[in-house]
Each structure stands twice: as structure tokens, then as C-alpha cells.
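What follows is chain A paired twice: with chain B in the first complex and chain C in the second.
On to the complex of A and B.
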């Protein structure tokens, strides 16, 4: 290898650096939402943030780790339930939402010990069984009053506007935090191990990947994120009815968002959540036909655009907005800094 | 014990390996020792237990009885990932690339996990492995788009990136033309010259003999011959195993 033409590993491109900056700027701007927008828009955006959390965590689970779960509503429902329980026990409501999610994340740890031994379809269905089981167990708590449900009465202590803004900021902050954690995780060396497991578990362990421990990281983060989404949903909806929170539709939404946006592309989940949010905003009032349309578009997407919108962009235009991968590139002249003349973060290979 | 004497100074040693799948005995008290840097070929008819034997050595299967030692340490209970981190790597008979990842990411995964390297060292190792296997120009290709020869090369590059002291090859030349197999032979020989001990199962014997300094022949779950390649190929028991008794 000559000095003029050394090999380097590229992690950032001008496009991806710009995308991250844009995302950070967008979130900073969104922080002023309650000052700039009307009450209804603030409520709607809160919902969008929750959708992004749901899509991003499911994408990490299914798209990157290959853990296709159709029982994520277990964590969504448990997150909301734990928040109700904590509030009823006198715990401060807003911090309680995060503590509730953390407790569910903790619970997912022993759960992972046996669920992650299941493979493929067994894992998928097994998670659904777990969700049904959690639903039944939660119903045993007298506080919940069976399917009658209960409310997050503690929120009545806040004025309606304060509550709306608080919930909005919490949802925004949670979304930003979870996207950051997932982005950093997937770009780390563990990110490669995660994807290797998705592609071939046995081959992954043959090259030294500790399969169970690696899967567990993603499983627990996804459980925490989904539980946080459930707790936030409770803060917007106020009422907790087990049937609503433990319903399979939550996972169906996650699958829809990720398939439309692009399974296994980081920006895909975000885009899918926005698309789902838009469709719901425009057609949600159409009742049954809205659901028919949702199902039909999921079908069309999986047949015509198997990689979702972002997968298509990547194949067609080689465009990756938030890449987590590695590219080996030729670099002209070695420099002492970590950036070459095109502004990429690269690592020269000796 | 004779077995222990045989295994003194061995980097990888298997003793009394017995493997049964229900009633079927696939490995029948196999003893084997590999010296550091040695290149051993493995031949034998289909169903002799060759692939299962490598699987037991690498930790993909656990033996019904017997022990596997690596550098004198009993690794029989260690899973494949831990053995890879210690220095035992294997390529698969049918290549098993990480299809959704690029060639570079496949090899980087080996360097970062099996090779236990930090980021920058893992970049280096991955790039060198690709270079040695002639795959640098394919580095950014998704592995699922590769043809058979390149998939086999990738198996080698990925295993090499884990920095093995022992490399187990399961029919790396199978399904290739003579010219293609020849390319792989030179890569494997290069590995071996760098001090990596190789155990290589191959049906194409003339390919195998270009690298192997020692040959073992397996039949019905046992090692029936072990030693100088020419002597093993001329062995009466080996000819019988391949061609049936009374032939030749």
C-alpha cells in the first residue's frame, strides 16, 4: 500500500453527518413545541414521539437482532401498569413513568433467560403468550378492577396545560434518549455482533460472538423502551384498561411502521413512524376502512418494496441517512487528523 | 497412559471422544493430537464422522464422552464462542456468511469478537485478512451477493480474523473447480506458514496433499490410519474403506 493511497474505514459520510445534525436541530426545535403550537398539535406530536419509540425499539429487536417478537405489548402494558401502581403508591407521577419502565426492563432480564432460548417462530409466538400471561396477571391486581380499569388520578394534581406540556417534553426526551442509545449501540462493535446473530446464529458463535448475552442487551433495551412508551401513553390517555394496553394492535403498529420505513435501517423506523402517524391523522376517522387501508398498504409495501422506503433509497441511490455500518475506502493522502479532506470520520488502516 | 504421552506438547488434543445421536454411534473413542503449526488432512468415506469430529473439536457439538484440551486446558464444556476466543476457528462445509452485512463487516465481526480486538486493531486485522484472501475489492459488497468461491474465501478471511492458533477446515474446496480450489490451497498454505495449525477435511485428495504433512483416515467413527500421507493412502485398511473389501 503506497502512502498516496491508503485504506481507511469510513463511519461517517457528509450525508450522514448532516442527517444527525438535522435530527438534533429538529429535536431542539421541537422542544419549543408547547410555546409555538396549539394544544391539539402538542397532543398529536406527543403521540408521534411514542410511535417513534415503538418503531425504533421493534426495529432494533427484529430488524437488527432478528428477534421477531409479536408480544411487545407485554412491555407496553406492563409499563403503563407499573406507572399506575407507582402513582397509587404515592410515587411522584412523572419520574414514576421512567422508574416504571426501568422496573419492566429489570423484569425482562429473567424473562430473557428462557425466552431467548426460543428460535424464530417459537420466540415470536412465545412472546405473544407472555403478553397474554402478563395481561391476566395484571388483571389479578384489585387496583386495576379487572377490565374496568383505573386512571392515573395523580395527574389531576396538575393543570391540563401543564400536564400536556410535561408529557410532551417527557415523550420528546425519551424519544431522543432511546434513539441515541440505539444508534450508539448499533454503531458499536456490539452492533456488528447483533447483526451477525440475526444473519446466522451458529456462524456468529463460531466467530466468537457471545450470542445469549448480546441478544439480551437488545431484548432488555427494547423492553425498557416499549415500557416507557406504554407509561407515556398512559400519561396522555389517563385511563388504564388492561385490554387496551395489552392488545396485539401495538405490535401490529410496530410491524407496520418498520416494514413501511425499512426493516433493519435505522432511519427507516423513524420514517415509518412518521408515515403511520400521517396516515392515522388523515384517515383514522374512517374506522374500519382505515384498518383495511393500513393492512393493504402493509401488504403492498412488503410485496413491492421489501426493504421499505429506506431500503429502496439505499439500493436505488446508495443513500444512507443514519448508517451504522462500515465501509472500506481508499484515502488519498494520510493526514494526522481523523478527518480527511472530505470531512468524513475515518480510521486509517496501518 | 499412552494417550497422555501422545498428547504431550499438543496444542489441541482429543481423547476418548465418543459421540452418539440416539442409537447411532458417530464417533467411537477417537484419540487425536495436533502439534502447534502442523497441517493435518482428514479423509474418509461419507458418514465416517469427519464433520462431527470437527464439530466436537470446535464446540458446536458436545461429545457423549471424552475430553478436548486446548493448550493443556480442558475446554470440553466451553461453548464454541469461548473456544473461538481462545484460538480455535472453523470454516463451514456450506459457507455461512452474515448475508445482510458487508464482506468487511463479516470479517470485522470475527476480529472484534473471536479476536477480542479493540476497534482500530480490529480494522487492521480485518483489512489484512481480506487482503490475504484476495477480497479487498469486495469489501463493501453485501455478503449475500457473493458467489460460491467468494463465500468460501470469506469463510477463510472471517476465521483468520479471529486470530486462531488452530484452524479447522471442512471441505473448503468442495464444489469448486481445480483452479479455484488451487487458489484456496495457496491461501491455506500461507496461513500454515504463518504458524496456524490446520486440520483439513477434503475429498479432493490431491488438493489436500499440497498442504498436509500428515494424513488421517476415518471410517465408521474411528481413525483407521494416521501418519505420512503417502503411507496412509497406500494403507490396506484405507483402500478397503474407500473401495470396499477385496478391491484393488
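On to the complex of A and C.
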């Protein structure tokens, strides 16, 4: 073999393999949470898992599929509502949370048929209209009693400790499952199609990508995940007040988490959720100024650092922890001394 | 007769929706940007007029004259500071940045003015409640008629401005193709900044009329954005007269919905919007068409 530079497609790097292993280990460790931690920490971690689900699904939608929705609270609220409804109908509570989310996922299917034809900002606000309409319709249900709301009374059957641990495991399991599904999906052939559509819909369709069908997959998974997050939130909060669940603040949180962590980087959404969780713990009591800060960060990050912290790390230090894309690297062919030198990167495909 | 009255009131309400939607439609037509802070900025203008009336005793319509130049400046700064930068990042970044801006504006207003609902009606004298009796059952409010007339005038003036003036042609040329417009000597940045300033002036007018005809609070921006968006999309085009039609359809739907049940007001509005989208599924025409005028 002559001494030539060749291009190679790279997927796994030692760093990324290590971080996937680390993530798996962390989840396994977290499974022992209720055995190792106090009640307070278990409750807080449950909230964190829900934030991760929200951030990861919103990131899949906006960062990977290019579908910025400001109406995901539609699914969050519907997930909680469906869980309340199922429980009131005598359905077992914990399996009911997943069934509720699945029902909402099913509902998102016909919705996707016309919402996904809207582009950019129109899709964004269109989804908000859907959320408002769902909120109003849920209010009409006598069980919910308008804005007064109701609660998940069926959970009273469990002792407080059992309930806390069950909800924790359920949130952890849901988070792990959703992250895994998204990771595998985004690395698959479909994942490439999703990102191709985001980058240029017409070009993607020209090379044979089924645009609407592919977008629909992400839309439905995001709807399911967000609904599951809503149902889990209900299991921690117990009360269902439509205004809280269908509020636009959920979108503000999702945008904040994903923009700060890194729009369109897989680890970014997780990092953003952890950052949001920490900021909320420290500054949540600051009320209005806290919200001003969230909005201002979203504004500043979108203008100055659209790739968020992870996008910056990636550019600055060439650090990709959980890569879902391929990249081309410049590799020098083996020399006589048989040393394999990794060359300079010339192009990255995320 | 009640139904006829509801339809007439709905048409008049549509005048207000056209007023709040025309800036959104105009900006989308010219810059291809949907400004999610649209409603919040209308509420900002409303609060500005409220402060002028409440603290300094300025008549609402006189206050409007003072607020509009300020809104033009807001538009210019918004374009130069936020929209221009975000538009460079692609189609999605403006959605995120203007959403962030809306959150900031809403919460700063809340910080300043608290949760109380306000209205300019107490400062407007008889304009707030005067009406003409058409028959025994049908009354037309003076304010509602004035709102409708203002929206027709404003839309007409914008239309004339875009088609008949040199500046309007520059704005349209920039909307079509900024690079080519630049080749023939149009300063695209300036044209866009002027367009944003004009859009914000219309937002100021809408905010003023909202404050006169209803109550508002710091978080009222969201619903106004939704109404504006619905009217613009139902109107079906970046076309300004389409926006008036869209506003009227929305107003009539809400008005008839309210006749059915108290919650029907909002439900009917959203339902008509989604029905229009659904209808277009089979006609291949979707959403706002990106063209000016």
C-alpha cells in the first residue's frame, strides 16, 4: 500500500463508546436510588428524569427533525388527562400512565397529517393553537371540573413510600427507554433521513426520502414521550389542573433546556435538563426574575450560541460524547512501521 | 335576530383581529419571519398608553400618537438586534429567539405592573360605551366601528404604500430576493428595518384598540399572538386584504360559538382555524404564502 491519505467514515470513537458505557452504568446505579437516597432526593430525581424526557423529545423534534413546536404542552396535558381518565375508569394506575401516553401517541397520528404540512414558524404557532384547543376541550369534561381540576385519587391506595419509589422507577425506566429509542432511531437509516429533511426538505425528497412519513415518526415519538412525561408529572404532583399542564411555560422550559444544552446534539438535551434542574433548584424561588432569566437565556443562546454548550464543546474541543451521525476523517494509510496515525479531521457530518 | 346580531358583532370583532394580524402578515410577507413576540409587544404598547393615561392624564387616542413613534423605534431595534441576526441562522432560530423575547417582555411587564387586569376604557369617555341602534335588537358600538374602520384604512394604506411608493417597491423587492435587490441599489438591511418599524407601528395601533375595547394583563400577549396568527392563516396569504377576511371569519366564528356556550367563543375560533388547515389539505395550498402585498 502506497503512502496516501485516505478518507474513512467514523462513527464510534473511544470517547463516545466510553460515554455510552458510562451512561448505561449511571442508569444502572440510579436504579438503586430509592435504596440509597432519602425521600427528598428521590422526589427531586424523579423530576429530573421527567425533564430529561421533555428535553430529549423536544430536541429530537426541533434539533433533529427541524420541527420547532411551541405546543408540546398539548401532549403533556393530554397525557396527564388520559391518565386521570383511565384511573377514574378503574384502570390500574401505573400501567395506566404508559397506556395514557400510548393513546396520546395514537391521537397525534391523525393530527400529524395536517400539522406537518405547516412550515417553520407556522408549525410552531399552529401547535400552540392545538394545545389551546385541547386545553379548552379537556375543561369541558365534567370529571375535570373546568380549571378547578381533579386529582389522581387512585394513588391513595399506595403507601407514600411505595408510591414515591414506584414513580421514581417508572420515570427512570421511561427516561432510559426513550433515550435508547431516540439514540437508536437517530443513528438508523431513518435518522439520516430525518436530518436530511431538516437540512433541505426538497433535496431529501429528491434522493428518495419519504418526507411526510419520516417526519411523522419523530412527531409521534415526541408526542408519546411528552405525554408520558405529563402522566409521570401527574404521578408526582397528584393533582391535575388543566391550566398548569397545558401552560406555555412547559415550552419555555423545553426551549431553555435544549438551547442551553445544545440543539441537535444528543447529549445536549440531557445536559440542558440537568442545567435547568439545577437552575430551578437555586433560582426557582426568584419568581418573575427567574422566568425573565430563562427567556433571556433562550434569546441570547439562540443569537450567540445556537449550538448550545455541547455544540460549542464539539467545535472547540472536537468532543462528541453520544454521536448519532457519521463523519469523514482524514486517515493516513499504514506506514512501513505499521503505525496507525489518525489524521486531521476534514469534514464532520452530524 | 340574535344570530344576525352575533354575526354583525363578529364582523366588527374581525376588524380588531385584522388590525392585530396585519403586522404579523406584513412581516411574514416581507421578511419570512413570524415574530412570536408580536402579541407581547402589542401588550407593551397597551401598557405604555395606560401609563400615559393613568399617570399623566393623556387621552388614549393622543397617547396612541405618542406611543406609535416609540413602537417604530422598537421595530427598528428588534430587526437590527434580534431578527436580522436570527434570520442568518436559518428558519428556526427566529422562532426560538422571538419566543425568548416574548417570555422576557411578558415577565418584565408582570414585574412592573403585577397581575391586575387593566383597561383604557375608563379614560376614553363616552367612546367606550356609545353605540348606534340599528333596530331594537342590533346595536353597533362606536368603538367597534372605529376599530373596523381603522383596520380597513390601515390595510388600505399599507397596500398603497407597498404598490405605489418607491420605498414600498424597495421593500417588496427585498422580500422577493434581497441579493438581486442589492444589485439594483436597494439597501436590504434598511428596507427590512423600515418594514419592521412599520409592522411595529401597526402592532402599537392594535395594542391601543385592544386596551380600549377590552381588559389586558401582562400575560395577554400569547392569546393576541394566536388570534393574529389564526386570522393571518385563515386569510390564506401574505395578502393584506386576505387578512381582513381571515379576521372576519375568526371573529364571526367566535361570536357564533359564544352564542352556543360560554366556552364556545375560543373553541369555535381554534376549530375554524384547524378546519381551514384541514380543508387546504385537499387543495394543496397551505399556510401563509410568502409574498408581500
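Just so we're on the same page, the second predicted complex is superposed on the first by the 316 of 350 C-alpha atoms of A that agree within 3 Å, B and C clash if a C-alpha of one lies under 4 Å from a C-alpha of the other, contacts with A are read in each partner's own complex, and residues count from 1 in each chain.
Just so we're on the same page, a contact is a pair of C-beta atoms (placed from the backbone, for glycine too) under 8 Å apart; a residue touches a chain by one contact, two chains touch by 3 or more.
These numbers were taken from a predicted model, which means no experiment stands behind them.
Peer 1: Considering only touches as defined above, state whether A:279 meets chain B (first), chain C (second), both or neither.
Peer 2: A:279 contacts neither chain B nor chain C.
Peer 1: Between chain B and chain C, whom does A:88 touch in the aligned arrangement: first, second, both, or neither?
Peer 2: Touch partners of A:88: none, neither chain B nor chain C.
Peer 1: When both complexes are superposed, which of chain B and chain C contacts more residues belonging to chain A?
Peer 2: The partner making contact with more of chain A's residues is C.
Peer 1: Check the residue A:27 against both partner chains and state whether it touches chain B (first), chain C (second), both, or neither.
Peer 2: After superposition on chain A, A:27 lies in contact with neither partner.
Peer 1: Considering only the touch criterion stated at the top, classify A:192 as touching first (chain B), second (chain C), both, or neither.
Peer 2: Once the two structures are laid over each other on A, A:192 reaches chain B alone.
Peer 1: For A:294, decide between first (touching chain B), second (touching chain C), both and neither.
Peer 2: The answer is second: A:294 touches chain C but not chain B.
Peer 1: Is A:204 touching the first partner chain B, the second partner chain C, both, or neither of them?
Peer 2: In the superposition, A:204 contacts chain B only.
Peer 1: Tell me the contact category for A:7 with respect to chain B and chain C: first, second, both or neither.
Peer 2: It touches chain B, and chain C stays clear.
Peer 1: Which residues, counting only chain A, touch chain B once they are in their complex?
Peer 2: For chain A paired with chain B, touching residues are 7, 9, 189, 192-193, 195-196, 198-200, 202-211, 264, 325-328, 347, 349-350.
Peer 1: What residues of chain C sit close enough to touch chain A in their complex?
Peer 2: 28, 33-34, 36, 82, 85-86, 89, 91-97, 99-104, 106-108, 110-111, 222, 225-226, 229-230, 233, 263, 266-267, 270-271, 273-274, 277-278, 281, 286-288
Peer 1: Under the touch definition given earlier, write down the residues of chain B that touch chain A in their complex.
Peer 2: 58, 60, 79-81, 84-85, 89-90, 92, 96-102, 104-106, 108-110, 112-116, 119-120, 122-124, 127, 130, 136, 139-140, 158-159, 161-162
Peer 1: For chain A, which residues are in contact with chain C within the complex?
Peer 2: The contact residues of chain A facing chain C are 62, 66, 68, 70, 113-115, 117-122, 124-126, 128-130, 132-133, 136-137, 139-140, 248, 251-252, 255, 259, 288-289, 291-292, 294-300, 302-303, 306.
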